[in-house]
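When the chains are written out, they are named A, B, C and D in that same order, and each has its own residue count from 1.
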């Protein structure tokens, strides 16, 4: 029994699924954000897992891209939280279902 | 360098304007006008300098296409005059806007500069994708300006304008993309070569897509739905630019992009010519009935441009100088008229013809300019308009007496509506009491007077315009000869790679070769089985280049 | 073998804390569980031979981002949410749907022949930084991207400051009207 | 020797300077100093006249040719700006600049106190510039510049008092009707270009071409194309010279200031059609069909306008119809290739008609703007100089022996009879062979009848204005005064001209100066057409017949109007009833042939086509909007539900991928 590449992918899939469930089924906007972060993490993991199936220089790509994705996630979290603060101040609520200003 | 400056510097100027004060219209307008003068001077230098091209810089690669897209600018007689129109009219707009939009002059100037940059790019682009990029980019600042500074119905006008023109050029984008997948790169020649190789049905569909964009932009009947409301609602300086420079992009597209690329059947040519003539008559008739001053001018522009398109598709030897003179004359005179109408609107607060009148006794300086501009628009001999219309008539004569007769009929109609316009606005007695708004400022009056004097100068000496189309003999150029020799040496050896061909192409272009010559040389170099297609393309390209 | 054991342990911790996120009522608890999950994921990165990535994961994700999140939760006192149910009709629909989706993807994954390559490179600090910054060797692509990201972060920060500073205009006026 | 370019340059300079003065002074309350402006206004035309006179005395036999610069140079077309000073342009220029200067002088008095004093003279100078270019140019395109230029000035001056919209409408009408003719001119040029390239627009090249055609016996080949060109040029001439069918604008043009009517609408501009025919004489001589059309049109116009002149009450309208009628004479003469006679009549007509108009202006001036002849009468004693001038001019126009009109009209009538080769082709009726019926007698008779009518309506004008008793209101009678000297001097000079101008070509007493001057230009063309009547007739017969016609007309006028009670003037001076039908015959034709169809077309375009198009466009837009709304309704209010739905979509996609094995 050795560690197989497919295990990593399965783990990533499970965490992604949980992240998605959190993001969509919970109504608290903080949980929504956390779910998204979780799903992003899962994708990073998947990246690294796949990178390890490639030889030589090609494998380095899969290990560098998550770096960028983490940076982008940081930016996203930054703006997202700012928006949450803004909306919360106006709505006095963290329930994502009450946020329907953008509905046409 | 000049080319880069003319295309990119307006955007820099727009950014500079962002940094100026919002409240202090006076200082920001001074800066804007100074920069406008700079651009106009550059465009004059461009005309004086003759044909030049920049290095072709690789811009980006579209997935699925063989060659890259280039940032590649080139100027020829037609393009440099169009650039002159766009910069000059923008300058006058910047001057004239001081009276109309002092509220947020800065934002207006930002819009005007970006519009100018986009227009210059459209006229100077030598790469199809670059051309399309700027062609679409023109719409955005114009629409924003209309929405921001227009009349009562401005939102509707801006929406109509943006949607109509963007939808009109959407098929062109698809066609462009399709041709790009077939052509070697996005230059004119390879487009022409590629299109020649396609089956006829495909060619026709592509032609239709290209035509539609230009028909809408010009506009030609029946695609003129956006025009009247847009020109009427837009602030007068912008209307002047729209009609004086932007609508020329349509005619320009026909000459520079449609004629060389597509082998046109005789039916298509005469069909387009009659469509142009019909538009000319239609515009004149609509102008006869218009009750809104700016709409009248809009339809008048439509009529004139219809005549220009008819002239283009006469494919006569005299076509290019004729149409160029007509376009320049119309650009300046229609521009001046829109500015003047804007001043009239500012003074009286209305642009309904029945509500106007009597300005000649109230404001003689304005009326002198107005009447003068009206006379210029009548194409009285001695004005540039006459030279343009007469030579277009001459070009149409090649297709038979009937087109010329119809064109003559439009001249009569144009006299009728223009005289009615003059009479309604400045003659008679004022139709109602009103509080007089700001009068013509000296700078405004001076700039418009300069435009009118220019028309007279071009009317008595059109060689200023027509000479710019006469290219020096290409073979006299030593650099070009050397390139030719090299090419000849290369001929026996293995076929050239795409890169080499491209290099050769840009060297030839820099050496002053015309498009069709380059195409044929490259075809020789390639020596492959497409030579037959190339000769075909040469024939179709010939008509335009001969006129050049 | 040892690697597998480590992996299983870390995976169980990661999945378990992820489930904790799903089931916790207070967002602060959720955030703490999330940190645990992320740290264990960092461990898995190390296990897989990308120690640098693992370290970044801990520093940026578990450190910076989650710190920010918890801070905001505490500032806004997100516990006020106690009266809304944790799950509703939508959740009942979503959970099975996601499970089905995951099952399908997993089915596809299992059938695909993937395996670790022996010649893979360990993503150490040296290698990663060389990839990122050695323009002569790997071309300017990563470097430019890196710089762009820097600008992105900067602008995100600016945007966040701007957003958090002011109120929504329309709602604001509504509220002031209500008060009068 | 001065450059030819200077001659048009002087009035152009005058126009620019005066225009600048007009614009600059427009802001001030008082306006510019009239003395200064007036001096400038007369100075420039006078300088130009002096230049012409100087050139005239030193003109070499073949004329002077001068090319200034290139004008238009495009592929297939090249035209230079060049001038040609020969016998024809010499005569035209002499009287254009001469009469122009005189009328400018007269205008100083007439326009005194008008707010647009400087503007008026700027226009007058611009007009003189255009007119000089018209007659001096050496090619058709440059002539066209002058041609439209004079039309433009005519427009500006008719609408000079632009506060009254009626004047503006008259001006618009003049310009548009002229435009119709101008398009004929334009297309005519294009036809010529097809025949011989752009060089043929030059008059010298054209006449060389024609003589080449004649010498090479290629006449049959070119005549069809040239005929079309000729007809088109003739349409241009009918517009400018107010012939059937484009004559309606001239009576309306009387809305302008009276000196303008004298200068533009009597003496100079309207005769440019005749000038063009003479200039292109060598071409027209080849085209019998066109010549016949010209004769018929001229004949009908002369007769119709003479009759219409009988019906007018407005003194200026009478003169306007009289002008049209006289122009008809000139066209008849051109139509029989008697170009020298037609130009001679242009010359004499310029004097007596300008004198008549200026006299009428003086009368109107004296009566403070009253133009209705029914309110005049008995002015002989109050304004004796004006009356004398007008009576001399009257004698000239009716062709009283010894006066200018006698010589020229007599010459035209003689040529009509001798040269007119029109005939009704022979036909067979009831087995009888009818030979060709020559029509020269008919044409001559109509000409003679028109001369009688001319004498009648002119006699009526003189009698109603100067004889009898004053019929206006009492208080206005006291204000009647003779015009100032600045107006009288030009009138007297013109009256001299009206008496003596005819002696430049008095055939009966053997003076042929005029004919000799013109011979190098039009001689060849006239020689080409052989006279129809070869028998030698004594010219005295024609002279006697003409005199009889004039005397008869004057007698009739005396009989009818000297004793008759003049109906009291009611409101408008326009004719009524059947008289109106006759007068406005061509106006109504224009209305039904031109204006209404165009308006209907415009209405169709505006109300039908454009609305249909707009509806189509908005329908498309509406469809897009409806579709968009439909799609938008899929958008559920809750974000989470939407995500859930998209997860479902993902599942569906996944299933598809799996089922097809990823090969889709």
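Rule of thumb we're sticking to: a residue touches a chain if its C-beta (ideal position, glycine included) is under 8 Å from a C-beta of that chain, and two chains touch if they have at least 3 such contacts.
These numbers were taken from a predicted model, which means no experiment stands behind them.
Enquirer: Need the central chain here, defined by C-alpha centroid distance to the all-chain C-alpha centroid.
Expert: B
Enquirer: Sort the chain pairs by how many C-beta pairs are in contact and tell me the top one.
Expert: Contact tally peaks for the chain pair A-C.
Enquirer: Would you mind pulling out the distance in Å between where the CA atoms of subunit A average out and where those of subunit C do?
Expert: Distance between chain centres: 5 Å.
Enquirer: Where the CA atoms of subunit B average out and where those of subunit D average out, how many Å apart are those spots?
Expert: Spacing between the chain centres: roughly 39 Å.
Enquirer: Calculate how many whole Å lie between the centre of subunit C and the centre of subunit D, each centre taken as the average of the chain's C-alpha atoms.
Expert: 90
Enquirer: How many angstrom lie between the CA centroids of subunit A and subunit B, rounded to a whole number?
Expert: 50
Enquirer: Residue numbers in subunit C touching 2 or more other chains?
Expert: Subunit C, residues with two or more chain partners: 90, 94, 98, 101, 105.
Enquirer: What are the residues of subunit B that contact at least two other chains?
Expert: Residues of subunit B never touch two or more of the other chains.
Enquirer: Could you say which residues in subunit A touch two or more other chains, in rising order?
Expert: Each of 20, 24-25, 27 in subunit A touches at least two other chains.
Enquirer: Go ahead and list every pair of chains that touch.
Expert: Every pair of chains in contact is listed here: A-C, A-D, B-D, C-D.
Enquirer: Under the definition above, what is the set of subunit D residues touching subunit A in their complex?
Expert: 632, 635, 637-640, 643-644, 647
Enquirer: Applying the document's contact rule, which stretches of subunit B touch subunit D when the two form their complex?
Expert: The touching residues are 163-164, 222, 225, 282, 285-286, 288-289, 316-318, 321-322, 358, 360-361, 364-365, 368, 375, 378, 380-382, 386-387, 390-391, 393-394, 397, 401, 404-405, 408-409, 411-413, 415-416, 419-420, 423, 426-429, 460-463, 466, 547.
Enquirer: For the complex, which residues does subunit C have touching subunit A?
Expert: That would be residues 1, 3-4, 7, 11, 14-15, 18-19, 21-22, 27, 30-31, 34, 37-38, 41, 44-45, 47-50, 52-53, 56-57, 60-61, 64-65, 68-69, 72-73, 75-76, 78, 80-81, 84-88, 90-91, 94-95, 98-99, 101-102, 105-106, 109-110, 114-121, 123, 127-128, 131-132, 142, 145-146, 149, 152-153, 156-157, 159-161, 163-164, 166-168, 171-172, 175 of subunit C.
Enquirer: Which positions of subunit A touch subunit D when the two form their complex?
Expert: Those residues of subunit A that touch subunit D are 20, 23-25, 27, 96-97, 99-100, 103-104.
Enquirer: Would you tell me which residues of subunit C are touching subunit D in their complex?
Expert: Spelled out, the residues of subunit C in touch with subunit D are 90, 93-94, 97-98, 100-101, 104-105, 107-108.
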